[in-house]
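Heads up, the next two complexes both have chain A, just with different partners, chain B and then chain C.
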Partner chain A sequence: MEKVFTDGLSFAMPLLIMAVGAIYSEKSGVTNLAVEGFQGFGAFIGALIAVLIMPFFPKGSQTVIYIAMAAAAVGAGLYACLHALLCIRFQANQVISGVVINILAVALTTFFTSAANKAITGTSSNKLILDVSARFTVPGLQAIPWIGGFFRKMYPFEIIIMVLVLFFWYLMNKTRYGMMLRACGENPQAVDAAGGDVEKTRWIAVMISGALSGIGGICFAYSLLANFSPSIYLGYGYLAIAAMIFGNWKIGPTALVCLIFGLAKSGGYQLCIAMQLPSSYSDLFLMLPYILTLLLMVFFSAKNHPPKAAGEPWDKGRR
Partner chain B sequence: MARLLTGPRAAVWSSLTAIVMTLLTAGVLLLVMGRNPAVAFYSFLQGCGFAPKANYGGGSGMLSDLFDFLTYLAPMLLASLAFIVAFKAGLFNIGIAGQMLAAGFLATVLAGYNKTLPSPAAKLIVVVIGIAAGGLVGAFVGYLKYRFNIHEVVSTIMINYIISYLTGFFINNNYVDMMTRTSRVCSPAARLCLTNVQIGGVNCKIPFGMLIALAAAFAVHFLFSRTTVGFELKAVGRNAHCAQYFGVRVGRRLVLAMALSGMLAGLAGVNYYLGYTNTIIPKTLAAMGYDSISVALLGSASPIGAIFAAVIVSIFQQGANYMSSMVGVAKEIASLITGILLLYASCGTYMKIRAERVLQRAADRTRDAGQGGSGQREEA
Partner chain C sequence: MGEYVVEMRHITKRFPGIVANDDVSVSIRRGEVYALLGENGAGKSTLMSMLFGMYEPDGGEILIDGQKVVFHSSTDAAARRIGMVHQHFKLVGNYTVAENIVLGIEPMKKKFGFLPWVDMQEANQKIRELSAKYGLEVNPTDRIEDLPVSVCQRVEILKMLYRQAEIMIFDEPTAVLTPQEIDFLLQIIDGLRKDGKTIILITHKMEEIKRIADRCAILRRGRLIDVRNVADTSVQEMADMMVGRPVNLSQEKPEARFGETVLTVSGLTVSDEHHFDVVRNVSFSIRSGEIFAIAGVAGNGQTEIADAIAGMVKIASGSVKLLNTDITAASVRERALAGISYIPEDRQGTGVILDFSLRDNLALREYFREPFSKNGILNDEKFNSYAEDLIARYDIRSGQGAATQVRSMSGGNQQKAIIGREVEEHSKLIIFVQPTRGLDIGAIENIRREILAERERGAAILLISLELEEIMALADTVGVIYRGELLKTAPCTELTSQDVGLYMMGVKQA
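Up next, the complex of A and B:
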């Protein structure tokens, strides 16, 4: 039972950081369906850097993970510039742009993973093998019945993500930049009239979105999968978008939804084990988060208030 | 250049620009990797039967490569038509891969494993199942959009994974071939192509899908250029509020667009799984579902344009294996080239805007030059 909480949290946290990224982009007025591509590209850059620097560190060194995380954030942030370029500068359809970014990310990372493998190890594998992050248990809290599972065998990245989410919540809701960003998504004309720079604000928001998604991606690669391969594209980016939609583009409720997703996933998996079903049945339980997403959407989608200007290219001349 | 991009054939020229840019980008990439781009591009063509290979295995020849290419092209064209139909109505059907898989799986299980069905009946049943399965999934997505306001990109992706896991579960439990770890091959009677046809001394595979796909392309063209329903679908895509104002039932049209799109995707699915591959790899969505988006956008969302765009994208995808064996570049470069193509194709609007601006500036300049004399006098 406690394992449900432990695994649930470790799945929910990367999902949450990606959702926060998506919220930043959408709140600034740029529809972001590119989360999936951002997270994959970030994970690829992070994994590539990790594989390159691994020989210089003692085996199992945790420093590699933090460097990989930073690399993933930078890499995905830069990759997000492409989305920003298409959506903001080129005024392309933002949904198309998101799809383009996703497909291109899959193609780029798949190709360069095999190319990098050939160059580094000489083998033609489509996986970059990573270590698994070390885990720790919070003493005291872990003894709490039921929810003690949350504090057992935690990955360090869970703490990092919690801190980041708090920081970005503060940035969004309590600072001048955050207010301007939100205004860009509701009424960019007003921001322009007040002397703000709509394009610049959106560029920064999209890059933040990419960086955060990249962190989410490398966390998946370093915890759940222990490698980078094209199989990282499991639609988790879209789960994050769904979480954002139920969370009504607010970070707090979104966090709750992510946790529900995480618990559904780990709960289903543990249920499968508890019922002693053959391993092939796990496929059925792996469907749970996706089904849950559809169901939640059926109940919550109609009441949503997406940012008003999201999806529309900013045209200074329009009234 | 600018004039071409704003003229009556603007869509064609911007697609051609995208193709040239892609070839240049891919060429530079190949050069950086130390390969000869010309040889690589030529070997793509060789792999598809457009140019003779250096040597052939027993019983195969250029013609058999060409027919293999057509077997691949047919579902690609159908899948891109599926995207186009939804796209014209303002919907993004990203779930083509899932709809293909659902149709292919059901057709394989219900007709492909039935050894007693005579060949024409089996083929007909396969087509009907494909259309029905894809259409139902599509209509469901359309209904979710219309009734519950669920963004179709998110719902189709969720449905993709659900279908992928669900069919994977059944294949692994009931229909798996122990040797290959994929689903058992379906009976030749149900396949949508004739296998082992001897033409000019070589073994060929003749796909029926190509006929279906071409017919579908012209049907979609007819739908959007000549019928009221097609016009209403386009109106919903351009401006749903406006369409509603002049009496279009937007919700119904959304469901219809997604259903039609799903049907075409289902057709693509049966042509892919019961024509091209003949087996299903469990828990794997066909990359074609996403490549078809590149095809559709490269063809400027026109059904006739899609025929040409499908040929180009298919050359890269189908010729990749041979190119890889000849030049030694991983065959995944085909997807990369498709992705780059998609990137440039999606910049079409921007190219047009830029071209208009350039023309405008040029026009301003000639006007200024013409008024040059009078302008100076006013200043003085």
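Up next, the complex of A and C:
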């Protein structure tokens, strides 16, 4: 049972950081379907750097992971510039731009993974093999019945993500930049009239969105898969978007939704094991978060308040 | 420091296909109320948008306090103490009053000496003080989306004051206000003038200029026609200069000849999607040859009444009768065929199909029946001849006649096309919702004449307008709506605009 909580949290955290990224983009008024592409591209850059620097560190060194996380954030942040360029500078349709970014990410990373493998190892494989992240258990808290599972076998990145989420909640809700950003997504004309720079605010938000998604991606690579391959594109980016929507574009409720998704996923998996079903059935249970998504959508979508100006290109000349 | 605080010299601004300002020069004195008068598209707003840094002029120069300035953005203009209240308010709907006012220049504090955060308590306090000082009553913690337009306007004024603007531009500030609110606003403007602020007022209403302005510049089609001292200029002169020909300011209304009752609405209640009753238990009737006008502040349920009668929204309870037929449950088409014409509020969304030709738009009421179509096949010739006929008789102007895409036509001509199409049905009941909104004096004259002609013909007319002046000029009977209820129904002759204004704000109970 505790395993449900342990695995649930380790799945929910990368999902949450991606959802927070999506919230930043959308709250600034740029619809973001590109989360999937951002996380994949970020994970690729992180994995590539990790593979390149691994020989210089002792085997199993955790430092590599932190450097890979930073690289993933930077890489995905830069990749997100493409979305910003299309949506903000060229005022393209934001939905289409997002889809294009996703497809492009799959194509680019698949190609470059093979190319990089050939260059580094001489073999052509579509996987960049990574280490597995170390885990730790919080003494004391882990003894709590049931929810003690949350504190067992934690990945260090879970703590990093929690800190980041707190920081980005603060930035969004308590600072001048955050106020500007949220106003950009509601009424960019008001921001312009108040002397703010809509384009700059949105650029920064989209880049933040990319960086956070990249971190989410590399965390999945290190926890779920222990490698980078095109199989990183499992649709978790879309799940993050779903979490954002049910969380009503608010970081707190979104965190809760991510946790529910995480528990549904790990719960389904454990259920499958407990019922001693053949592993082919496990796929059926892994659908749980998505079915949950559909159900939640039916009940909660009507009451949501999406950012009013999301999806609308900002044109200064238009009155 | 010279006499003029703002000088705009030989300003020219071109947009694709149009010269919005053509060599316009204005000089504005410190502490005066300076009005810019002109019709839609005369270039008033464009001129002021350049002073506020939203556009850069193609030619000419701008001087503030005698110094040449070049504004690249409204931030530059704000730095020279220029503020602007736009016609469409620039406010963030889900932010509070205070958050909107301080946006971009929030009072900051540091937590633990390094974490910066926005101190909304301090902002609220500052705004309370400012609001008390200028008599602009607002509650800093109210959300904008819950507030009526008149309060939003106060927020915009406070926003300028908070940013210490000395030169304040008001773009059509009274367009959305009731008479009492207009009085209040003009008092505020007068107070600001006494406080030494320079006010620029963009408007097309001569009465307001007469009441508040010191000087007035008249623009027409992008050119400066004249600058006058308001005290020495009559309203008629201003109107003639604005339009470029003698204008008939008052419509002649023939004696009313009421006939049988055409429309009977009883106990009408309409709910919106949140199950909130936007129209509550409304009853009235309209006779043939009568103009029944519903006055009210925008969003009090008047549009929903029109939609309910036309069959476009569901009725929660009550009944609608046309002559002796109950049409409460009838479809839109059934109602139309029974004799209802509808000129809707949303001209471009509901009134026409923007990407269809003028010809097809004019046939929208007829295309499905003979002689416009037979067995489902459209009769092109009939479409064409009908369109030509209406274009000639209703003076609908467009680039390529019947084949013109409606999107490319001016708002006034789109409206003429809708009115032509609907009036041509010779319906027993014609519903006009905001028929003259946003149109030029010329077009307004034309449309009002059309409404009166239909009244002469014996149609029952339901007129819904936000312009009180229009209601008082046209209506035989006035119903005032407030929060979905008809507070007062009376013959127009028994009411003054002041009375109606008070009912509109729900101040006076019947």
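Assume the second predicted complex is superposed on the first by the 319 of 319 C-alpha atoms of A that agree within 3 Å, B and C clash if a C-alpha of one lies under 4 Å from a C-alpha of the other, contacts with A are read in each partner's own complex, and residues count from 1 in each chain.
Just so we're on the same page, a residue touches a chain if its C-beta (ideal position, glycine included) is under 8 Å from a C-beta of that chain, and two chains touch if they have at least 3 such contacts.
Because the structure is predicted, anything quoted here is derived from the model rather than measured.
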Which superposed partner A:Val132 touches (first chain B, second chain C, both, neither): neither
Which of chain B and chain C A:Gln189 touches, first, second, both or neither: second
Which superposed partner A:Leu284 touches (first chain B, second chain C, both, neither): first
Contacts of A:Leu52 with chain B and chain C, given as first, second, both or neither: neither
If touched residues of chain A are counted for chain B and for chain C, the larger one: B
Which superposed partner A:Lys174 touches (first chain B, second chain C, both, neither): second
In the complex with chain A, residue positions of chain C that touch it: 45, 49, 54-55, 73-75, 78, 84, 86, 88, 90-95, 99-100, 103-106, 108, 115-118, 159
For the chain B and chain A complex, residues of the former touching the latter: 33, 92, 94, 144, 148-151, 153-155, 157-162, 165-166, 168-169, 172-173, 283, 290, 293-294, 297, 330, 332-333, 335-336, 338-340, 342-343, 346-347, 349-350, 353
Partner chain C, residues of chain A touching it in the complex: 170, 174-176, 179-180, 182-183, 186-187, 189-196, 305, 308, 316-317, 319
Touch list for chain A against partner chain B, complex: 33, 82, 86, 89-93, 95-100, 103-104, 106-108, 110-111, 114-115, 118, 124, 126, 234-235, 238, 241-242, 245, 280-281, 283-284, 286-287, 290-291, 293-294, 297-298, 301-302, 304
